[in-house]
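Several structures are given next for inspection.
Each of the two complexes below includes subunit A, the first together with subunit B, the second together with subunit C.
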Partner chain A sequence: MAERTKIVIENLSKKFGNVEAISSLSATFDACAFTVILGPSGCGKSTLLHVIAGLETASAGKIFFEDREVQNLPARERGCAMVFQDYALYPHMNVEDNIGYALKLAKVPKTERRERIGRVAEVTGLLSVLKRRPSQLSGGQRQRVAIARAIVREPRVLLFDEPFSNLDAQLRHDMRRELAELHQRIGATSVFVTHDQIEAMTMADKILVISNGKIEQFGTPDEVYHAPESTFVAGFIGSPPMNLISGTGDGGAFKLRDGNVLSACGWNGPVVLGIRPELINVERQGSIALKVRYCEKLGSHSIITAELADGQPIRLTTPLGSSAEPGSEMRVNFPAKQLHWFDSESGEVISRRSKGMES
Partner chain B sequence: MKDSGMIENARSVDRAATFILVAGISFILLPLVIAAITATQPYETFIEAGGLSFALGGHFLDNMEKILSETKLLRQLGNSLAIATIVAIMKVGFCFLAAYALVFFEGKFRRALFAVMIATVMLPLDLRVITTYQIVANVAMPLNWILDATGANWAIEKVAGFRPYFRLSLLDTYFGTAAPIAANCTAVFIFRQFFLTLPKDLPRAAIMDGAGPIRFMIDIVLPLSKTPIVATLLFFFVGAWTNYLWPLVAASTPDQQTAVVGLARIADSDIDEIPQVPLLMAGALFVSFIPVAMIAVMQRQIVRGLNLSSR
Partner chain C sequence: MLALIVMFFYIPVFLAFFWSFFLERPFGGGSEFVGFQNFRRVLSDQEFWRAMWRTLLFMVLAPGTAIGVSLVLALAADRGIRLSQPARNIIIWPKAIAGASIGLVFVFIFNPRLGLFAPLNDLFPGLWNPRIDGTDAYLTLLFAQVWNGIPFNFIILLSGLQTIPDSLTKAAAMDGAGPWRRIIDIQIPLLTPQLFLTFVLEFVGSVVEAFGLIDTMTEGGPGGATTLLVYKIYVDGFKAYDLSGAATQTALLMTAVAIMVALQFRLEKRVKYER
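Entry: the complex of A and B
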């Protein structure tokens, strides 16, 4: 069992020339927790991981592993291990040597090395392929070797840099489950970078959503899903993501540009209304009229893309079996308790009070 | 219709390409064929024919025997072997290290260094043969300059009463012949290109595994570079083997000359005499046997190793 190591990041910044990849970021990743850093490509999430690992130096700020300040230590003294996106296995070594390379460098005696390689190979299901070269393995097996190579050193901190993005959908699903189980077993503090929100939602204890090098939200999957703190998070999480409708709060009603009223609203002035596609009720007597543009039938449910009265797009998911013809009209209701309100300028959520006022 | 037209087209292109290839190959091979035929002729046939002829002579073994007994080509072959080996190993070694530094280390002067390396390609050895000769004739020359320029010599003269002058000549040595040829950075491009095709996370993975830059080079990059290393070794071996001007200048005695230089010496025997062309051709075959055999055996490796686009 690895030592309990929490990761504390204080005002961390990373600049590449004049470009700020991470700007003054602070967060605490709990010991033994599985933290997912989620964001679109180019948002600085991989850079953050590299800075934690010691592959990049921080421009400013501090990183602590438990009580130890590590931002100035070389990578090998930090006690991290990392799993890379393109596996980064050593092509000329067989699986056994790949897994054991770190131990060999650490001058672990040969018999102990064998034993430890055998143990992780068993955990990762690689016992039968120990003598093979990486080129003779399937994608899933290669990724397992990469994971085995990382955990064989019993690291305090395990870092994952989009490890599943090269795998096909089914394999990705299996690997997610395997990795979650493995995490339960070894209990190292894990940080997992991905742009895939499903990976984030299914595996994370806590999700750190970042964009442009800044934290958008840091919370449990439930919090991130049910209480997004910004339009960015709302529009990023969920499949399809939350609808974001801009309009104006006027005399207690939320009006579209053309004057149509969508719902009650406790705010005056321009605001953004957010509602999850799966929480929109289709009702014959619904107060909101939509024009259907497109319908994706997915079997278990359908995703309808429609237009509001003023032309803003909106998506909703309908239950099993129901669908709609493009061009037809449909009527829906927005349940008052499911509405989110965001500032139209900053995109930040407007305090929860608004909900209270409506219900 | 369109399809068949395309195929028709492809066929005529094929035919034209084949024709050009055959023409090109004949153009290149013809001198070699003439050389091989001439090498079988006795001197007398050559004189009677009044020059080159296509008649096989049956004197090939006699000519070869003469090469071994009357010339120093066998010994010079040994010199060539030693010098070409030193050149190939030095070139590949230095270029490998330089490319490794260029690709895997970040530094302010990386671009400038690379530019300087490119610039040296524009200054081939043939251009600076005199300066190079001066330096090889006394490799301590820079030291003398420094002692003069700093006034150290003057001080020593005051104290000890003599003016030191250091002298170390590398002329007529294997190393002295090989080193100036080896000071060349063409392979830096080849290795740099190859290193850039390696997965970008590979060095990161090695760092995370606890490998330093030297370990990463020896354990990971070196074994992966086997193909380009073998190819460039062969390539430079052959290049050094056929090098003429510098080895001619650097070695003054027949015993220290390379085989190619020795071969040229067979041609200029006596002014009044017609040169022993059949013997010369036999010598040419004798001298080129080793590099040709190496290329024949290893040509696949050379093509694979120098092919930069796909590994």
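Entry: the complex of A and C
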């Protein structure tokens, strides 16, 4: 339905005064793909979206929609549509006029306008409320109006700025599914900004993880989860996120500061070990001793917060039914295949580091 | 509080209506009930109708211009154009000046020989002279009233504009609206409550506050060209000692203003919306 448009970003920078919100960022968002920009608040993800949309001007760098260079065009000439965090519905217009405002500005004749509004309203389940004002709608309905308003123009690029952050958990879940289905149907190149990793993991074709205006990792949800490229990604994705334990590689063993050996290690010098909480095995004869600090029972599983021998915190999830008393000791094993190794200074994953470092 | 309002507002209003049915002796000493005789006398007076017409014209022109200018200034300040920060402060200062002082200043500014238009008068003698020409005097009065109203309207409209969420303007920009379309389709409709407030206040002010200006600037002249109804009531009542006539005109003026404000409120109900 929509034209195939891939988005290419080249060395994009955005400064607010002296503060650099985005620094020399390059990425390609595939045509018709659903790309999620994920990062903590203040990392520059919304700024990036606004620069793509044309609501903010880039300080440097280029943006292409397919072959067209757009970074100097005003928002209305770029052919994107956007769904805002607070919906941004026009309070003085009814639902029909809200959805049709863009068409009216584009001078689409009235009969065609009606027809297109009707079609979009049907898809988004808004037919019965077309004559209502936004203030008379529920949160979910307002969200749908915002989405309907964005897709009615059949945009080449659809941008979402944390659209679900004002919804309650159940509604958020439903909207995620609806939006995923809608994306299948429309096929516009979509960029979705969120700080919610569940949204990112469930909806994305590819996730762009950014922090401090720089790319940490750009990959599929599987890659981001199973092969984090930096300690930032490892510590951000997952609930609870990956454990990051600093220690030293010495003679083929990974040692804590107090000399306790946690596992084998192929590197020498300071290094960070990463392991997912759900992949730690609790075993009576485990080689690693932990002191339990706290246990959260969540029903389907429990999350245990514990301390390593040198006092570093570690979290592990245990299956249904098992729990531990605070203050007690437990023994665990780290499966050798599930370990990730990161550079202790740059935070980058070590397998990318030059082989010369290996012993 | 309530007692004060009753004492200083409701009782005088009531008394004005009460006295309009009596013939009051100018130097005291009793009054006489005359029914609608005062009204008949006032309504058949050509001078009353002329003053009424001037007042109505003033009630349309002064608020319209004052709000129009303030709106343009507020929109400019809201868009954050260059120098809008210092301008914001400077525009507010005139609010602290009393009507009589403004009048005095404008008498100088519009003085045909010393003022702003003096060079113009050198080129075209007799082009501008508010002391002789009734239209010039009326314009001077209008200008002073508008100038007086801008600071307050500006503050109200600017604060109104700033409560409009940024994302609405951005959404309109994404929908393809340029700056002008955004002003007309989004900002002004959402500014309706503030526009309404300033309009009602300006409207009433153009009847009431104009008195100070007229008294210092023109004293109703030349030839009655700036005698608005408030000023005529003052002259009739306190200079000519026609107390009953003044009370009657007060009652009529109050009724006219009340009707118009009521109409405005009716109108406001139609354009009301929830955010």
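The rule is simple: the second predicted complex is superposed on the first by the 351 of 359 C-alpha atoms of A that agree within 3 Å, B and C clash if a C-alpha of one lies under 4 Å from a C-alpha of the other, contacts with A are read in each partner's own complex, and residues count from 1 in each chain.
Assume a residue touches a chain if its C-beta (ideal position, glycine included) is under 8 Å from a C-beta of that chain, and two chains touch if they have at least 3 such contacts.
Small disclaimer: the values here were computed from a predicted structure and weren't measured.
In this superposed model built on subunit A, subunit B and subunit C take up the same space, so to speak, and clash. Using the contact criterion defined above for the overlaid structures, shared-chain residue A:Tyr90 touches subunit B and also reaches subunit C.
By the document's definition of touching, neither partner reaches A:Arg276: not subunit B, not subunit C. Using the contact criterion defined above for the overlaid structures, shared-chain residue A:Ser135 touches subunit C, although it does not reach subunit B. In the superposition on chain A, contact of A:Arg116 is made with neither subunit B nor subunit C.
In the superposition on chain A, A:His340 makes contact with neither subunit B nor subunit C.
In the three-chain superposition model, subunit A touches both subunit B and subunit C at residues 53-55, 75-76, 80-82, 84-86, 88-92, 101-102, 105-106, 149.
Listing the residues of subunit A that touch subunit C in their complex gives 53-55, 74-76, 80-82, 84-86, 88-92, 101-102, 105-106, 133, 135, 149. Only residues 199-202, 204-211, 215, 219-220, 223-224 of subunit B touch subunit A when the two sit together in their complex.
By the touch criterion given at the top, residues 165, 167-168, 170-178, 181, 185-186, 189-190, 192, 273-275 of subunit C touch subunit A in their complex. Against subunit B, in their complex, subunit A makes its touches with residues 50, 53-55, 75-76, 80-82, 84-92, 101-102, 105-106, 149-150, 161.
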